[in-house]
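Below you'll find a set of structures to go through.
You will see two complexes here that share chain A, one where it goes with chain B and one where it goes with chain C.
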Partner chain A sequence: MVMRTRAAWLPWALPAIVLVTVFFLAPFLLNVRFAFSSWTSFRAEITWNGLENVRTLIDQDLLANAVTVTVLYAILCMAIQNTVSLSLALALQRTSGINTVFRSAFFLPTLISPLAAGYIWRGLLAPDGAVNSFLGIEWAWLGEPSTALVVVAFIDAWKWSGLITLVYIAGLNSIPKSLLESATVDGAGPWTRFRRVVFPMLAPALTFNVAVTLVGALSAYDVIAATTGGGPGDHTRALNVVMRQQWGQGFFGSASALGFTVTLLVIATAVPLVWWLRRREVTG
Partner chain B sequence: MRAVLKYTALTLFSIPWVLVPIWLVVVNSFKPSGEAAELGLGLPRTWAIAENYGIVLDRGGYLTGLLNSLKVTVPIVVAVVLLGAAAAWAFGRSRSRWLQAAYFVMGLSILLPPSIIPTVYLLRALSLDGGSLGYVLTMTGCRLGIVIFLATGFVRAFPPDLENAAAIDGASRPQVFVRILLPLLRPVLFVGGVILIINVWNDFFFALFLLQGSANATLPLSLFQFASGTLQSLNWNLVFAHVLLTTLPLVAVYIVAQKRVLAGLTEGALKG
Partner chain C sequence: MRAPSRLLGAAIGAVLALSLSGCGSSAPEGTGQVKLTLWHNSADPAPLLEMYKKFEKQSGHKIELVSIPSDGFEDTTQTKWATGDRPDILEYHATASGLLALNPAANLRDLTGEAYIARSGDLYQAAGSVNGKVYAAITGFPQVFGLYYNKKVFTAAGLTPPTNFAELAAACPKLKAAGVTPVFESGGSIWPVQILPILYLAGANQSNAYGKAIAGHSSTLADAGSPFVSGLTAYAKLKADGCFNKDIVTAKFEDSMKALVTGKAAMVAQHSDMLPALLAAAGGDQKTVDESVGFVGLSSDKPLVTYAPGPIGTFYLPKTGDAAREKASLDFVRFMTGPAYAEYITASKTFPVLKDVPDPQGVPAVLQDVKKAYDTGAVIAFNSDIPGMGGLAQLMSELIAGQKDPQKAATQLQGQVEQAAKAAGLPGW
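On to the complex of A and B.
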């Protein structure tokens, strides 16, 4: 029938294709050029300058630190978020009245903007704030180099954990009951069942969540802007934070180079990760 | 016994995880500035509700922010959901190699981070910089991918029999789309739409680069400007009042939609 031909389908996809091409793909390709171009507020003309932006960023000791901070931040975020969410999902897997109440409650932080989440935890973790008075200590969680990055990553994880929990619950519920029952019949205890049946069968949800949290955290900005602004010193100065600073100072080329570094990091982490997790998914 | 233990643990965990953060915001937004600076969890000794919220509404640019947020969120969500569903129909049914290549590019747009600096450059070249139209178009272009990806999987899981039968009965393509496709895709579009509302409503990063001037500022931008306006020490009572007012509209949406969002997500509407 006519509905199968290309001409008939194209108009339906065209608006989306145009919007994605112009507002996602074109900037993406332009970035490859700008990252290696001289472009500042002092000289509007954009000219190719090779690795000059990268060299300047390295000379200013900005790049290596930003990459380290960003990667550490992403790993911390991913680890905290997935540990909390998977634990909550295992506890709240069954759909029942009380579980729905808890699911709903744990989803609430997801509604709060990352910026607002930053302000809230900055208040809770202030030296004279509620957390310290509960623990009976006085510690500048966001002001000390040893804890600032972990705490900022924790706030990001806190904000997204509710959503990730629901994806894990969906994954858990898609595991066939018969598989668990036959494992039980074969004498597998709860821990063996989790390790041998549940965990491997969770692969699709795990792939999705690990990839999404890593990729999202590599682009971190909001929580840092609301809490530390990159400090103390440069301990939470992630790539996007430096990018914003360079942009604000009128170094557009360098800012593009930093944005491009985020893209490279995403490709370098997410692609092998998805590939590896997918392969595990197939072999079980 | 084990259940009692489990729910005790969950309740204990939910206190610092959910209750205390929310309580901190609410109670401190009722206190005068000096008292809120202590960041305590106790009830206000002096109540300053009207003053705080009055200042946020007046000086904090809340009402402008609310209008601006609505002005961008509604068109973005409508455009992404409708254009995404239409494209997903084409990608799910067509066997054209060109469309399959385009589908691959849509997939890339989910994984790769948007390039914000060239976007500013591009919008300037198109004379769309600084205003809400450029922002709406950019956000639509960057968020379409995920909805298309999820909905295409959904379309492919259904045989085209129903659509073909309707076409034979003389229904036009738009009629088939509205009467068959949209209802079919409703679960995935609903969940996708709610996640999108949360995402766009809370967006700060794009807004920071793409929206210029307080006349265009959305709520997260106005919160940031308001909080950064006082250097060093934040006026916690006002910041928290702003946070509460910014989050409330989403909480309202969530209360209305939560049953279907939770059910949709946990039954795997987002599987893939």
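On to the complex of A and C.
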């Protein structure tokens, strides 16, 4: 019986297994050694140097800040995107002409390149840009330490919320109407219906969206590069931004160590998170 | 069945043979003509691109241009280089720090002894060479760093352009009182904010003394009261005194050019290869640029310009192992530095680096100012020979944001220099 079940799913899973192995697992396993090597552009020899790259990054005040910025950015992106997208999904759940127009409009930024999105917003948010003209204020949104990281997280949310909204809409539409009707008959108001019926039933969509937004933001680079380049100072200098800078200076070993750190962060965050959310789907 | 299989085998064999012959860049045997790959900076001016075509026409070889964006040029080149990919000709920085990052002994062909070197004066003492071996063919006039200033603004304020940091600090309040931004800095482009501290250090770097001391590890950037710490301190004081534009963190270098030309700003620290950007900011009107913009040298205490050989027109020949292509790429270098060089100088209206080539006619007034300042007193940028200085611009961003003080920034940069110098195996580390 077990054999038959395995035989049944294997052909369907095989393409995914092959793709993940060839494009993710194998490159990761083949490259992880470089994080512990003396690889630079300055010489041909690559030798094992243990944790020297990590020590160097710590000595140069680069690692701790980059990890802090990355984690903060990921939490912000995840929170903003899921809040905005869930609200939009609730507003646009019903399939109608006008809602289809709005769904398309909110989905459009997903199709734009992240770099292009970053450049567009950098122009809009410049001190003499359209946003300040509209608000009648003078504020360097991307140049002030207090706002830069949050603003970049909002730009990322603007870019991806359309996609996350669609997932929530699909989740909302899969909730049986009879369940909501029963709750209404039992006297539940809109808020209680949402809290007690809708939100728990959205658990699979929530698991997917939280995991995707968090993991995506942990490996952030493009929007940050296009908007702040890591500045002001090092306030938006996420791990991948530092990795690019190290790489550009020829310190390939240190850059690999930073890449490895991103991988560790993703594994350390995503695995327990998905495990907890999946468990919540069952028990909740 | 057997016949079709044989046919299929033959067809596959033929396709493979054709594909393999296409893998090499060599053209059909016997013609001696090959296809050369040239990684070049996207900012190459039109006259230089024209020279590539002229070489193709004269030699019969083909040049496949691979354009590397000038924004992020070093990063992108390093990324491609790190994969092991090698062009036949590489356009890249001539500074020792840039050259060391290519691991020249292992990867580049030694051009020592080529005729153009003897015609270049002492250029290769300061650039394009490592351990006495010349790897570069430099055809472009060095980037000359100094202070662009708006003549009309200074005349209106009754001031003369500053040539040292004390004069610069003194001019600030007067220019501010006149409603002008004294110095426009472009932190949004990151790299321009390192120029002023580098200019400051020209005073301490005559004959490249300071650069050699740092590269040779007899001094460190972070020594108490070091010229580098003093330069950063002077910069921080200018910022504290309100000498810079309010949007220093977000402004791009194009904004600085526009502010200078329009007179919104009095000064911008930049280099001579930015003249096309200056012209673009003036809407392509050379007359406006000539009438409104001048150029002077500036250092801690005297009027000195800082120079650094730039990437535009600096060529290297990576080792490829293909004899035909290596011969053709050497022909390219000989073409660029041979009789055709005078044509290039005439067309590009820049100054020659090879002796016996006359200066071009019709050089814009600002560029003449640059040349005059260069001839009066020029010092090589102190960071030219020091590997690991790529982090300076990032540290300046932190200094501007108030996250680092000069001493701490110097200590951190010294760590990066040490990391690179050890990796490069420099003597003294």
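The criterion applied here is as follows: the second predicted complex is superposed on the first by the 261 of 284 C-alpha atoms of A that agree within 3 Å, B and C clash if a C-alpha of one lies under 4 Å from a C-alpha of the other, contacts with A are read in each partner's own complex, and residues count from 1 in each chain.
Going forward, a residue touches a chain if its C-beta (ideal position, glycine included) is under 8 Å from a C-beta of that chain, and two chains touch if they have at least 3 such contacts.
Keep in mind that this is a model prediction, so the values were computed, not measured.
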{"item": "Per-residue contact with chain A, leading partner among chain C and chain B", "value": "B"}
{"item": "First, second, both or neither for A:20, with chain B first and chain C second", "value": "first"}
{"item": "Touched partner set for A:251, first chain B, second chain C, both or neither", "value": "second"}
{"item": "First (chain B), second (chain C), both or neither touched by A:170", "value": "first"}
{"item": "First (chain B), second (chain C), both or neither touched by A:109", "value": "first"}
{"item": "Chain B versus chain C as contact partner of A:208, first or second or both or neither", "value": "first"}
{"item": "Touching partner for A:126 - first (chain B), second (chain C), both, neither", "value": "both"}
{"item": "Touched partner set for A:44, first chain B, second chain C, both or neither", "value": "second"}
{"item": "Which superposed partner A:199 touches (first chain B, second chain C, both, neither)", "value": "neither"}
{"item": "Intersection of chain A interface sets (partners chain B, chain C)", "value": "122, 126, 128, 244, 247, 252"}
{"item": "Residue numbers on chain B that touch chain A, as the complex places them", "value": "6-7, 9-10, 14, 17-18, 20-22, 24-25, 28, 38-41, 79, 83-84, 86-87, 89-91, 93-96, 98-99, 102, 105-106, 109, 111-119, 121-122, 137-138, 140-142, 144-145, 148, 160, 163-164, 167, 173, 177, 195, 198, 201-202, 204-205, 208-209, 219-220, 223-224, 227, 234, 236, 239-240, 243, 246-247, 250-251, 254, 258, 262, 265-272"}
{"item": "Interface residues, chain A side, partner chain C - complex", "value": "38, 40-44, 56, 59-61, 122, 126-128, 140, 142-145, 229-235, 244-245, 247-252, 254"}
{"item": "Contacting residues of chain C [partner chain A, same complex]", "value": "72, 74-75, 78-79, 81-82, 100-103, 106, 187-188, 190, 246-247, 249-250, 387-388, 390-391, 394, 397-398, 400-404, 412, 415-416, 419-420, 423-425"}
{"item": "Contact set on chain A toward chain B in their complex", "value": "1, 3-4, 6, 8-10, 12-13, 15-17, 19-28, 30-31, 34, 91-92, 95, 98, 100, 102-116, 119-124, 126, 128-130, 133, 158, 163, 166-167, 169-171, 173-174, 204, 208, 211, 215, 218-219, 221-222, 225-226, 240, 243-244, 247, 252, 255-256, 259-260, 262-263, 266-267, 270-271"}
